[in-house]
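In the two complexes that follow, subunit A is the common piece, with subunit B as its partner first and subunit C second.
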Partner chain A sequence: MERHHNSVTKTPLDRVQRRSKSKSYRQSLRSCLGATCLTPALTTRRLNISRRAPKSHNITKVNPEQLALMVKTEWQLSYVTPLYQFRHTQLKSYSRQLSAFIAAEKQQGLAVEVEGSHGSFRVSFSVVQGMSEAADDAETVLIQIHLKRLFSRQDEPAKVVWSGLLTCINGSPDYLRSLPKDFTCLPLLCSSGAEGLTSAVKSWFQQTFDCYFGQLEISHTSLQWMIALWTNCQTESAIQFLKMIWTLPVVPPLKVTYTVNGQDAWELWSSVRKDPQKEGNGEDEDENSIDIEEVMRFMQGLKSHFYRHFRLDLSAGKLDQVSTALGSAKCSGMIKISNSKYMISTLTLLTECALLKMPI
Partner chain B sequence: MGDSTKSLLQRIIRRIPSRAIESTLRKWGRLTAEQLQSIDFTQPKWTVTQELLDMCEEGNWTLKFITELEMSYIIDNPNQGMWYAYQLMNPEDDANSVELTQFKEQFKSHLKQLVRHISLKMKKHTDEAVWIRIAWGDRFFQPNHMKPTYAVHYLQTPYVFVTSLTSKHKPLFSQAMTLSTRYQAIKDANLSGRNLTAIRDLLMRQFQQAFPTKHPSPLAERNQTVSHPRIEKEQDGNAANRLELACEAFGGGTLPQLQSAVYKLETKFRDQTNKAMTEREESFKCIVKFASTNLLESLRHCASSGFASTPVTPLLSSISLKGKNYFVITDNSPGAASQPRRAQDK
Partner chain C sequence: MAASFNRSGPSDLETSSVNDQSVSSRSSNRSVRVAEKERRKNEAEDPVVLALKYFNDVEAGTPVNGNDEVEKQLVLVEKVGYSRGLSPDAISVMLEFAMSLRMGTTLCPRVLKCLIPATTVPQEAVVRAVVWLGVGKIPATTQVLFVKWVLTVFDMIDEKDQLRAIYGFIFNFVTDENLCPFICHLLYLLTRKESVRVFRVRKLLELQSKLGRQPFLLHLLSLYKVFCPELVTLSIPSRMRSGFKNHTSPWKSALLFVQKRNGSQVSSNVSLAVTVKDKTSTRKRKHHHLELPKLSSVVNKPAQTETSSSRKLVPLTQLHSFAQLLENMHRIELPSQMGSLLGSSMALHYLDCVQDESALLRLNFWLGYSLHEEFLFCSDGGASQYSEEVLQFLNRLLSTQHFLQEGFSSSEAFLYKFLTVWDGALYRPEILGLLSNIPVIPSSQIGRLLFEPLMQLFFTSSLFFKCGLIECLNNMLLKWLTWHSVYALEDDLDISLHSHTSINMTLSGFKDSVMELVLFVGRLASVGLQLEGCHSVLLSFVLDFYETACDTFLKYGLPLVLLPPSGVFYPALLASDPVSVDRLAYIMYRYKANLTSAKNQEKVTEQAFHISRQTFREFNSYIAVMANYLWNSRVFHPGMGVQLEKELLLKSNVPEYWTSFDLIHHPAFMSYAIDFHRKCWPGRKDMDLNSIKLSKPWGWYLEYLFTQGFDGLKLFFQGNVRQQKAQGDGQGDSTPTQAR
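Up next is the complex of A and B:
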């Protein structure tokens, strides 16, 4: 699991996390649960060192309204542990329960910074069909909270003030199959809206399905994967630019925004790809897969060009944000997917991050 | 006329923070002692504004008074908005002897010839700076006092700093400025920032500069942290070296407060390990922006703590040495370490 090729891969955050997960969590879990079915899954969970290049999926099966919502919003990410006795057939009942819960919270003085919060909240749960292709993935659930203001007209539609997406796209099949029967795994929560409503929704889920939410930061390695995966799409959909924002820990902190022309980034990327002819008889699988080494070489190329001019090593800083015309990702766990064609691939990467970050 | 005067007054008061209103009004000097006494400045700003509007109505204050108030506030608080530096080029023979009255008359007459309706105010401040306020109008409209341009010119220097100048008015301003200062052209100095004092200090080199010396003893005196004579810190020599080179590149002591520097790079990609890219004909286009609350401090800290290799690359040290913060770098630009202190162009 350790890749000691460059100093670049040795980001402390990653390392510490991974180690604790593999040793102490496993041990404590074994003693707590005594469930042997979970341990095989843990040992096989690793961040992929090789991925399939994102094919543009023409998502025709998804309801265009729902898709439009997913594309124009910037989502905050959290991971969710498996939900106990969550039924996709009972969504209407869940909507009612959550509406009642939020109304009760409001009575108790929940601070919701929504303009005109004098009104009634109505929650709707719906299934987003057509997202996941894998058989083991549970169907994606879209949650929306509408606010109907007190003195609004009858025909005025209620405004959506909060949206959430519970999803699992191409989750590790070994892990999913190893879960006990009553558990549904939807490890990724994408939320957008007031913080008060987010915590209310999370509390209700925790009470009802005995699960746990945690903040999902996008690690340095995952951000680098995003850079590579997005740049790889240049031939199909122009990325226009590749913008990276680094923060250097000096006093006062220095923010470096490094924006590369899209076409130039693509040429650099294709120059670091391994020659497919050398891999053997061009299997479709090999051509489409991207190795972590190629990603590292790409990043090294970008950094060395920067170093040649400024003699400033970007590895000393922290990569905060990555964006292209296809979307943007921030290390604090915010993601925006601007092009629906790459929704599936990006969510696959994020599902993997969520599964890895989960404590069980 | 009264309405626009009142709305201008309202806008100006809104812009001034509550704690500064009393001192600004006092400095303005148009209110009598009784009037100043009668206003209770602890009230909310809205109430104070109302009282001033009433006084404006009673006293029949003209637009001239109100613009005076605005100008006096801006002169005392110049570090807001975005300031751009310009440099005058190719002086005529008598450029160095242009003095205040001549400059003022010439500027006024040139600008009035170019623009039919214009409201111009010029004031000399204590430190050789001439402040100019221009409210632009045109053939059909009266001067718009809501969006005035402010400019500062330091007499006998080729520098002009301007804020809120639209691209429509820029050629008119440039022409009037060059003619009245007896230069032939004006160009963008590629320096901008929110802090007028900072960009002025940087361009006119009014900050503490460290020059390369053979014996680095002055710095050694500064770093007197010897705790015990028998304790020797291994890295002290290197650290002192880095600090000295950092100060040479960016300046010593307190540095002018710049917010950002932008480099537009159009150079070829060169890397020994990557043949395909090195052989490429086209340049690798990218834009790098450095931003910080005090950019020069951050860069100096980068150099002194080792994030940036020393000696500092001329690209970064040009910010202080040339007084610029926008650069276009091509393969032909001079990247040599030795640069004359004040390069004439670019």
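Up next is the complex of A and C:
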């Protein structure tokens, strides 16, 4: 009783400040992270409901060779938890380590089984300069694996068999700032190449930077966003066509491929856009923002058009794939960006999706 | 051979029985002697042992046709082979039997097909069989079958040195047209640098000119070229179709089946860590994000190490005992993957001391990722299926949290999301266990994050789940209160060191959260008891909860007293089992102790907490009700919690209804009253329970009840009821003493 007595008398009722380092009236570090980044994570981390319209970016800063690679490849997407002790200055050493790791995996015969595996892999890490948009974004890293065949001729160049892009474009500054500085957040991995190499690269990253990879699907809503963002570009560079593939849940499943002429899609899109005059005095920034409501109205327009002709309501179905001349995206997490001008806005959306997958 | 056979049967049984025991952990219960006896009995009777004995001893030239004995025995061996796999010794016996052609060539393929190894294949057996390949007159198809078998089980052959020693002997079979592709594959697996010789290269090239550019020859030659490029001048196409053809088909599925079946047993045996087993276990599940990372040290040392090199860091992997851990406590290097700490108990001791925010964040990232992937992101519904692996993972997580005495923030974040999609059945004990480890939630969030999903689950689930959830919430409350009592008291040792991560929860904030929790359980329990017809099991869990809740002030130093709602109080008071009534009495006794001590403190110090008059009034009325019901036979008295119209009561035709819940007529105590009556007046034929009400027997009756273990009633009685000598009829009347 004595002790309770003391504690009660000494404690002001409403303000108890205790901050002893080792033990105190606070939750210990293991469980307390909650209050710093978890609580906002639980409440505010949603897909943005409004985003800036993609401006045509002439990405001049990026090395054209790297840019060409990014544009011509179809990427498989994954999300990555923040990398611990990743240094952009150590890329050379990482190249060496990953090469050695893959060689060791190959020796075990476990992870890497690429066709004609008689040969040696060489890995190169490089920074893609000029990609990052916001100040909090970490620089994008490009990883390439070259295969030098054992019995190839001397002059035969090593072939790129795998490439991966670790990137963060316009990542949520709140989230990025909440991480201690030991962590580098590159939440989006775009990879292309043999499955075996992908898993080898992933497990090396896991072991080296204590980060973890998961599959990143592109959700229904994100696909709809893609449609809207791409269609919005029509005046600057023609999308030529807007193709959507839907699956309808009937037995047997019905697959619907719905293609709209680019110009028609644009006209529908401009009809659902809010009148910028009404919004205010037409400031450029405001004009360029797109709302989720507009996206939904656009989709509704497309669906009702389809219904008028085929008596089939697409809202019951699932959007699997969308493509235009600017790029294509599948719900399984495959993406191809065909026009570098709008790459940034697509990657911004994907970064956002990846950040949503972060466990804390 | 005979000697090795004699060991074969028993050792097979031994390993399997040991495995069985280790799996079910029944071994401790079983006396060694009984097990030994059983083993002997099995040894003598086990038909498989007898069958193996038969094949070992059977004489050469025994006819096969019309021989029922051999058929019977072979069927037995086949059955074991296809279901459990054969022990190493059994494989020796059967291989020897088949390859020696003791009973002709007809049985040979059949025996080979059932040679599914349970664990390993002894090298000697393979070597002997290869020798038979040279000696016997085995048909070509059977020879091929044998080499295919060796290729299939190659990874399971315990050692390969002797096989490598007879490389030259094996090489000779290359010239056999039928065997050549398979022998090349086997050689490919056995080849080392010293095996590459000029004459062998020449032989292969010669074969190639005869057979054409066959892929199997090219593969072997390309390997030779890797080892000794100077010997092989042949140009090998840079693109070759990968590997040898898969020759493993006859056994593959059976082998997989047996390995899958034995998988758990073998993996429980640590010494038998064959790499093949690891492969099958990963193959079994498509997602293996629930595997704990391996404990390994960091490769990329941070750049600052040069400055701190005076303090040499010791990787955790190098420590093997607790003493070493203590010695190196100040200079331990964290592993490259924090998740690996969960794998070793020693590492957990260290984890308990880790203060590094980044390290704990890494651990949380890993854990959160694993849980999310397994339960939330699995698109193929993998999470909705029960799996041993997930169970193990959750149990490890639980025991870790138990050890550290707190939950991880990532598992907390995961639970908030998972509760909204949980069906209440999947891994119920584990999920509820994790839930009870949740740290205190701010009262502004607690409803949305915790109560809403839990309420839905509670009202839509079975009685069993309801009990489980109440127990879980009781544990949660206990942990919160314990946490408070530990850390609040250490306030006196306050050293003002600022840490930017420290979360200060104010006392009033904490009080609000606890209050929300207790009130929430009150609501759940009231409705739950009603839904389940005041089920006594549920009631017992609810009373467990209030046993924690009634002592918040005295036991845990939290200035908060919250009474149970009447939806809990009355079902307990009117319960048909005496235990519930007794426990309620105990709980009310503790409430009184807490309230009076709080009251006293309020008098001594001005700053003490304030308990509202409402609480005291409510408590007093509860006490009055209990005393009136149990002691004073004044049920349904006007002014008390439960009231009924007089006409209605008269209509019910219950005689002397006002006595029906006193300690004599209360359904829970009636049997005690009868028992007491018999003991008190053994001669009396007619039972008149009302005679107990008389002053003297009433006192005895109470004494009697207290000796039956109703301590709660005793404490309650001693604390609250003042015996009053009544005039007139001599009946004892008691009035409750009121707390004010």
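Quick note on the criterion: the second predicted complex is superposed on the first by the 312 of 360 C-alpha atoms of A that agree within 3 Å, B and C clash if a C-alpha of one lies under 4 Å from a C-alpha of the other, contacts with A are read in each partner's own complex, and residues count from 1 in each chain.
Keep in mind that, in the parts below, contacts are C-beta pairs under 8 Å (C-beta built on N, C-alpha and C of every residue); 3 or more make two chains touch, one makes a residue touch a chain.
Values in this document were obtained by computation on a predicted structure and should not be read as measured data.
Participant: Does the superposition put A:Val272 against subunit B (first), subunit C (second), both, or neither?
Facilitator: First partner only, subunit B.
Participant: Pick one for A:Glu217: touches subunit B only (first), subunit C only (second), both, or neither.
Facilitator: second
Participant: A:Pro82 contacts which: subunit B (first), subunit C (second), both, neither?
Facilitator: second
Participant: If we overlay the two complexes on their shared chain A, which of subunit B and subunit C does A:Cys168 touch? Say first, second, both or neither.
Facilitator: neither
Participant: Could you tell me if A:Ile335 is touching subunit B, subunit C, both of them or neither one (first, second, both, neither)?
Facilitator: Touch partners of A:Ile335: none, neither subunit B nor subunit C.
Participant: Going by the contact rule set out at the top, does A:Ile143 touch subunit B (first), subunit C (second), both, or neither?
Facilitator: After superposition on chain A, A:Ile143 lies in contact with neither partner.
Participant: With the two structures laid over each other on chain A, which partner does A:Pro359 touch: subunit B (first), subunit C (second), both, or neither?
Facilitator: So A:Pro359 only meets subunit C here.
Participant: Under the stated touch criterion, which partner chain does A:Pro180 make contact with: subunit B (first), subunit C (second), both, or neither?
Facilitator: second
Participant: Counting residues of subunit A touched by each partner, does subunit B or subunit C come out ahead?
Facilitator: The partner with more contacted residues on subunit A is C.
Participant: Common interface residues of subunit A with subunit B and subunit C?
Facilitator: none
Participant: Quick check on the complex: what are the subunit A residues that touch subunit B?
Facilitator: 248, 250-261, 264, 267-268, 271-272, 301, 304-306, 308-313, 316-317
Participant: Looking at the complex, which residues from subunit A come into contact with subunit C?
Facilitator: 1, 3-36, 38-39, 41-42, 81-82, 84-85, 87, 90, 93-94, 97, 110, 113, 115-118, 149-153, 156, 179-180, 182-183, 206-208, 210-212, 214-215, 217, 357-360
Participant: Applying the document's contact rule, which stretches of subunit C touch subunit A when the two form their complex?
Facilitator: 222, 225-226, 235-242, 279, 289, 293, 296, 299-300, 302-303, 336-339, 355, 357-358, 360-373, 377, 379, 404, 406-410, 412-414, 416, 439-440, 442, 445, 449, 486-499, 501-508, 553-554, 557, 559, 597, 601, 604-605, 607-609
Participant: Mind pulling up the subunit B residues that touch subunit A in the complex?
Facilitator: Residue positions touching the partner: 263, 265, 267, 269-271, 274, 276-277, 280, 282, 284-295, 297-299, 301-302, 305, 307-309, 312-313, 315-316, 329.
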